[in-house]
Amino acid sequence: MSKIAVINPNLSEGFTRKVGDQARSIVGVNTDIIALNPQFGPASIEGYYDEAFASVGLLSVIRDLEAAPDHAANPIGGYVVACFDDTGVDAARCLTSAPVLGLCEGALRMAAAVASRFAIVTPMPVSVRPLEHLVAKYGAASQCVVRAAGVRTLDFEGDGADAAYHALKKQAKVSLTEDRSEAIVLGCAGMTDIADRLHADLGVPVIDGVSAAVKMIEAMAMLGLRTSKVGAYASPPLKTYHGMFAGFAPQG
Amino acid sequence: MSKIAVINPNLSEGFTRKVGDQARSIVGVNTDIIALNPQFGPASIEGYYDEAFASVGLLSVIRDLEAAPDHAANPIGGYVVACFDDTGVDAARCLTSAPVLGLCEGALRMAAAVASRFAIVTPMPVSVRPLEHLVAKYGAASQCVVRAAGVRTLDFEGDGADAAYHALKKQAKVSLTEDRSEAIVLGCAGMTDIADRLHADLGVPVIDGVSAAVKMIEAMAMLGLRTSKVGAYASPPLKTYHGMFAGFAPQG
Amino acid sequence: MSKIAVINPNLSEGFTRKVGDQARSIVGVNTDIIALNPQFGPASIEGYYDEAFASVGLLSVIRDLEAAPDHAANPIGGYVVACFDDTGVDAARCLTSAPVLGLCEGALRMAAAVASRFAIVTPMPVSVRPLEHLVAKYGAASQCVVRAAGVRTLDFEGDGADAAYHALKKQAKVSLTEDRSEAIVLGCAGMTDIADRLHADLGVPVIDGVSAAVKMIEAMAMLGLRTSKVGAYASPPLKTYHGMFAGFAPQG
Amino acid sequence: MSKIAVINPNLSEGFTRKVGDQARSIVGVNTDIIALNPQFGPASIEGYYDEAFASVGLLSVIRDLEAAPDHAANPIGGYVVACFDDTGVDAARCLTSAPVLGLCEGALRMAAAVASRFAIVTPMPVSVRPLEHLVAKYGAASQCVVRAAGVRTLDFEGDGADAAYHALKKQAKVSLTEDRSEAIVLGCAGMTDIADRLHADLGVPVIDGVSAAVKMIEAMAMLGLRTSKVGAYASPPLKTYHGMFAGFAPQG
Amino acid sequence: MSKIAVINPNLSEGFTRKVGDQARSIVGVNTDIIALNPQFGPASIEGYYDEAFASVGLLSVIRDLEAAPDHAANPIGGYVVACFDDTGVDAARCLTSAPVLGLCEGALRMAAAVASRFAIVTPMPVSVRPLEHLVAKYGAASQCVVRAAGVRTLDFEGDGADAAYHALKKQAKVSLTEDRSEAIVLGCAGMTDIADRLHADLGVPVIDGVSAAVKMIEAMAMLGLRTSKVGAYASPPLKTYHGMFAGFAPQG
Amino acid sequence: MSKIAVINPNLSEGFTRKVGDQARSIVGVNTDIIALNPQFGPASIEGYYDEAFASVGLLSVIRDLEAAPDHAANPIGGYVVACFDDTGVDAARCLTSAPVLGLCEGALRMAAAVASRFAIVTPMPVSVRPLEHLVAKYGAASQCVVRAAGVRTLDFEGDGADAAYHALKKQAKVSLTEDRSEAIVLGCAGMTDIADRLHADLGVPVIDGVSAAVKMIEAMAMLGLRTSKVGAYASPPLKTYHGMFAGFAPQG
């Protein structure tokens, strides 16, 4: 059995359940999915400010999982950060030697393999620049554009979900024509359940970050790939942390 | 059951067997691996000239697989081009709507998730620039260097295999120090069986392109991802092909 | 006398004649033009799939020319690959030590010397991304955009030629305004005879790839420049080729 | 009077005092410097993991300053994040409309105005890749290299300070020769007091991030420049924060 | 006292007075502003041709200032080239060891600290490409676009000033929407007096190059930063200059 | 007859004669070469400062040629700026509608067609960064490195010529190994006569900028290509020039 932890760094348990269900529906029979969210932090992640807090929540979940009594016997083989901003991924790679993947990275890798140009459609304009920075970091700037649907992240849950879907679809269609996009990447974990509908409506590949990242980390875990502990993702050097973060001090 | 075709575009049946065995050893119980090579073309692929011929061989294998009587009933869910030069991948994506992945692309995607900087070590100097072009195409130019071990591709099979291994390991070690590499990518399909040994010797992640690409395409196939048929990978427009290539004419 | 081979890698003899005539009309009195096409392969080149086959045809023509009895006495001083996709140029540079130039490379070099920004207008949308990759490879991404006229390559020959011209002119005009283009590059060998008309209609420089590449290779041949045989364009290492490609095996 | 807050995001009060003193020694007579550090978080910042926690501490200080009773009457005109990793700068720009600058950004801007190529010398290897990402983000990748001296950040305080200085100077000298650097940027807030010594020893400009960022933010504050509240740095949208971060919930 | 020379490289004394006044209104009480223009050259600077002549005029002013009898006793601490094309800045950095800054460089540095994306609006289309080259040189290509208002530079002085303002504002507004710009940079020294009006009209930060560059050079001068004399900005090697430029011969 | 003007922008008549002779030795029988230099300016061009003055000299020669009585009847078909810094090329393109090419641009275009990686070897270290900026501007940054031989430009004339040659050859050889260069570009007009010797010594292509630029401009002139007068190279708008530059005022 392989164990994959899917961590929603925001506090929405609806999101957590949704991404957990989606993850379970796509992994192999020998893969066990744990879906969790932190106990503190923002209700949703929209822009740089929310990210700063969600990163700490994410790290707290990883720390607790790796400190659990059964961890040595049944370690986690990989982590998915179930947020399209890839919140805290670099820090998480320092904390654990299991591989860590965010939704944006997972989705861009699969999108680039099925389309020469593509668009990320994200809910809020405030996320466009953070996502453009991720796109550049992942080396996809010459083939990926980012568009915002102009809806809130949580609109994809509850009564406004259909209106949110249509706002998203509209931007996706515009992108197929004006940006010559050949595929659409869903730019938010909360959209994981609309991929099939959008694919049916548009006729081009639609990449859901949850699915992409979960399957990719499952693949990496099966191969036994571990994060390099030389260089940027080395374990953080031993030091003191103070105040409410004392419990996060690196053990060196 | 999911069916993955691993196509070695060169004529070395030893390579084909080796990559097929490696692929079978890592896929899930519900994945079936077919390992094939073309019936014509170069014995190995080292540089641009060999690639031109191997591309056609690759396309011939895909064409034949998709024209086989059982294809409709039991279609191939994804193709791996088992060559680190990603020979013919773009053309193959036009020919089939199943996803297609080369070893370089698969390996770079996984390497970038476990290391912030890394090196490809390839057998021959003649491959360095073609690989640097792939690295740039895949957006990894700021984090990946390419080094050559100075041995022939086929040296990794047979008597010279140990000497070839040591030449490779030497370049990998130099890269850890001089390039600040944090992981090593094996730059040739023929090295698939030395990943564990090199990992044990160096203590950093070693990414084998065969394993990376096979697991990634298996993941994509399970998600039902298909190559976009809008834009760059659209089916080739109907036209006449002449002479010995007449049988390759696109059906539109 | 200097001898330049202009090789149309598709099978259209009309194209071959047209580019040969254009080449002859612009070279110096001491330059001899040979215009040829392969005996097998696609009727036209539109996208990655056609390119794979046309590359082999191109190499067959070069091989035969260099194996001809009079080659030693009267060698070819340079090759033009008369296709705007620069099909097989890298492989050809490995095969011969005479300089080799594709239409795209030749046209971009001259366009960049007379305009600070410019556009390539190509017939089919399927060619846009392959051309964008060439533009990036040649380092012109910050000054060159690619647009498609939405017509077939062969439409520039025969009855539809005038309609094809107007579709092309429309995109060119849009580019002058919306992209701030200062010159237009004709993105297909088959357009070589409309450069003057388009220049007259638009009043900006119009660069025809056939003319640009032929004159540039003529210049290089006169200077005695040869392709470097160190590194990426080294002669392909000796090896066996099998089946219908046996005759292309490198001689080392 | 203009008021500038210099926030050391780590918990070292020695650092805070040092950067505060340096800031006070260089600002104009009408500029008031407040030097602060958070009450919780890491003792020093070395790599991505420490950054995640220090970001929250930084935001807590800004929040408290802007909630203070005298803020409306005597607002802070600009913030310096006194860490060379520019920890939390993007999030801070969302929280306040006063301009915010990290040491790296400030230093790179002044370095680029006095040298065509330069090097950042930072204490620990673990910081090299995070700094290379900053250098790329600030658009200086073609003119700036990053080197590590191989000492701990806190070594620049106390008994080991002289040894740390010599390790730093050694890398700086190597960079002048091997990287053709024309100036040296001190890659850590804790080095602020050695700039003059290094300049005297090397004879090239030495840029201290504390000085550069403080003077640049003072200049921006005097001009009345404010962070744009349209786009990436818009005030975070109203939402609930839970648990120990409840007090950081955006007010919309 | 610190002395800053603001040099308008064109011959418009109106411009010189305007930029001098603006500079004096923003510097500290201990900073002395000298505003000058050359005695020969173009009346305004619009494009590459004007720049070539204005560069020499600029250098003549610096040479004369540094040769003045009181220079040793009361040296100039920094130079602002009061032209948004940063005319002659690299050459000026070779001539003097005081720091030299152009308006474009100063404005881009401050804009990037308050906005994630922004636009330069310049008077004439002929300046767009030169400014795009500066933007690329300063590493801001991924966050800055350039637009032209379609008016003459000198239109911002005199009767047409209001019409010029409205043409500028129109392009700025378009950029906020279509380019997702978050701030506007005034792309001409002659616009220095409209920054407040445009800011009031648009509600986003408006960066005036004169103010940005003057404050930044004042900051650098106070820190004692000097241009590196190793590498690109080394003093020009001793040699003979002939004819009307004899007086500019480097002293080695 | 076609007439090409080769303008050496420095005052060395030895250089002018040398580049004129080289140009005449390579052009076709129907091409007439005029080799000129300005009557004022620097004796050689080494770095940004010399460039500023040489640009004006260059423009004076073009202006005088185009104002000559026989110009209308027998116009100049193209200009070569015979300096490897491409001094004043952009301004010259505004002044004339004949095509203008610098040595660096011409050499890089031919080098890129015969080698996948190459090096420029230039005399003085002060020229390295200006040349790196040209390399980036021409889009060759990923395939071209710049090295300095550590000799003066004028050393290639007279007694020290042999020592200068050996210093150059040494850097070229280092580059073949350490930079994996496949060809060498001579980074100075004054080296035009050593290309054959270096090619014989090193066995790789050696590209002389004079030859490359002259042949390329001859090719462009024969094709009737003219500089675009829309956009960056538009004729400079009508305005007044003052003082010693009054005679250079644009005629609109």
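As written, the chain order gives the labels A, B, C, D, E and F, with residue 1 at the start of each chain.
Here is the rule we go by: a residue touches a chain if its C-beta (ideal position, glycine included) is under 8 Å from a C-beta of that chain, and two chains touch if they have at least 3 such contacts.
Molecules present, by chain and UniProt name: A, B, C, D, E, F = Asp/Glu/hydantoin racemase.
The model shown is predicted, which means the values in this text are computed figures rather than measured ones.
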item: Touching both chain E and chain F (chains); value: C, D
item: Path length in the contact graph (chain A to chain E, fewest steps); value: 1
item: Centroid-based (C-alpha) most distant chain relative to chain E; value: B
item: Between chain D and chain A, distance of the C-alpha-averaged centres to the nearest whole Å; value: 29
item: Where chain C and chain D are represented by their mean Cα positions, the distance between them in whole Å; value: 52
item: Whole-Å separation of chain centres (CA-atom averages), chain C against chain E; value: 44
item: Residues of chain A engaged with two or more neighbouring chains; value: 93, 116-117, 125, 128-129, 136, 141-142, 180, 231-233
item: Interchain contacts, given as pairs of chains that touch; value: A-B, A-C, A-D, A-E, B-C, B-D, B-F, C-E, C-F, D-E, D-F, E-F
item: Interfacial residue positions of chain F with respect to chain C in the complex; value: 26, 28-30, 93, 99-101, 105, 109-110, 112-118, 138-142, 176, 180, 182-183, 203-205, 207, 211-212, 215-216, 218-220, 222-223, 225-228, 230-233
item: Partner chain D, residues of chain F touching it in the complex; value: 125, 128-129, 132, 136, 141
item: Interface residues, chain A side, partner chain C - complex; value: 116-117, 142, 180
item: Interfacial residue positions of chain E with respect to chain F in the complex; value: 11, 38-44, 46-53, 55-57, 59, 88, 90-91, 93-95, 124-126, 128-130, 133, 136-137, 152, 231-234, 236-237, 239-246, 248-250
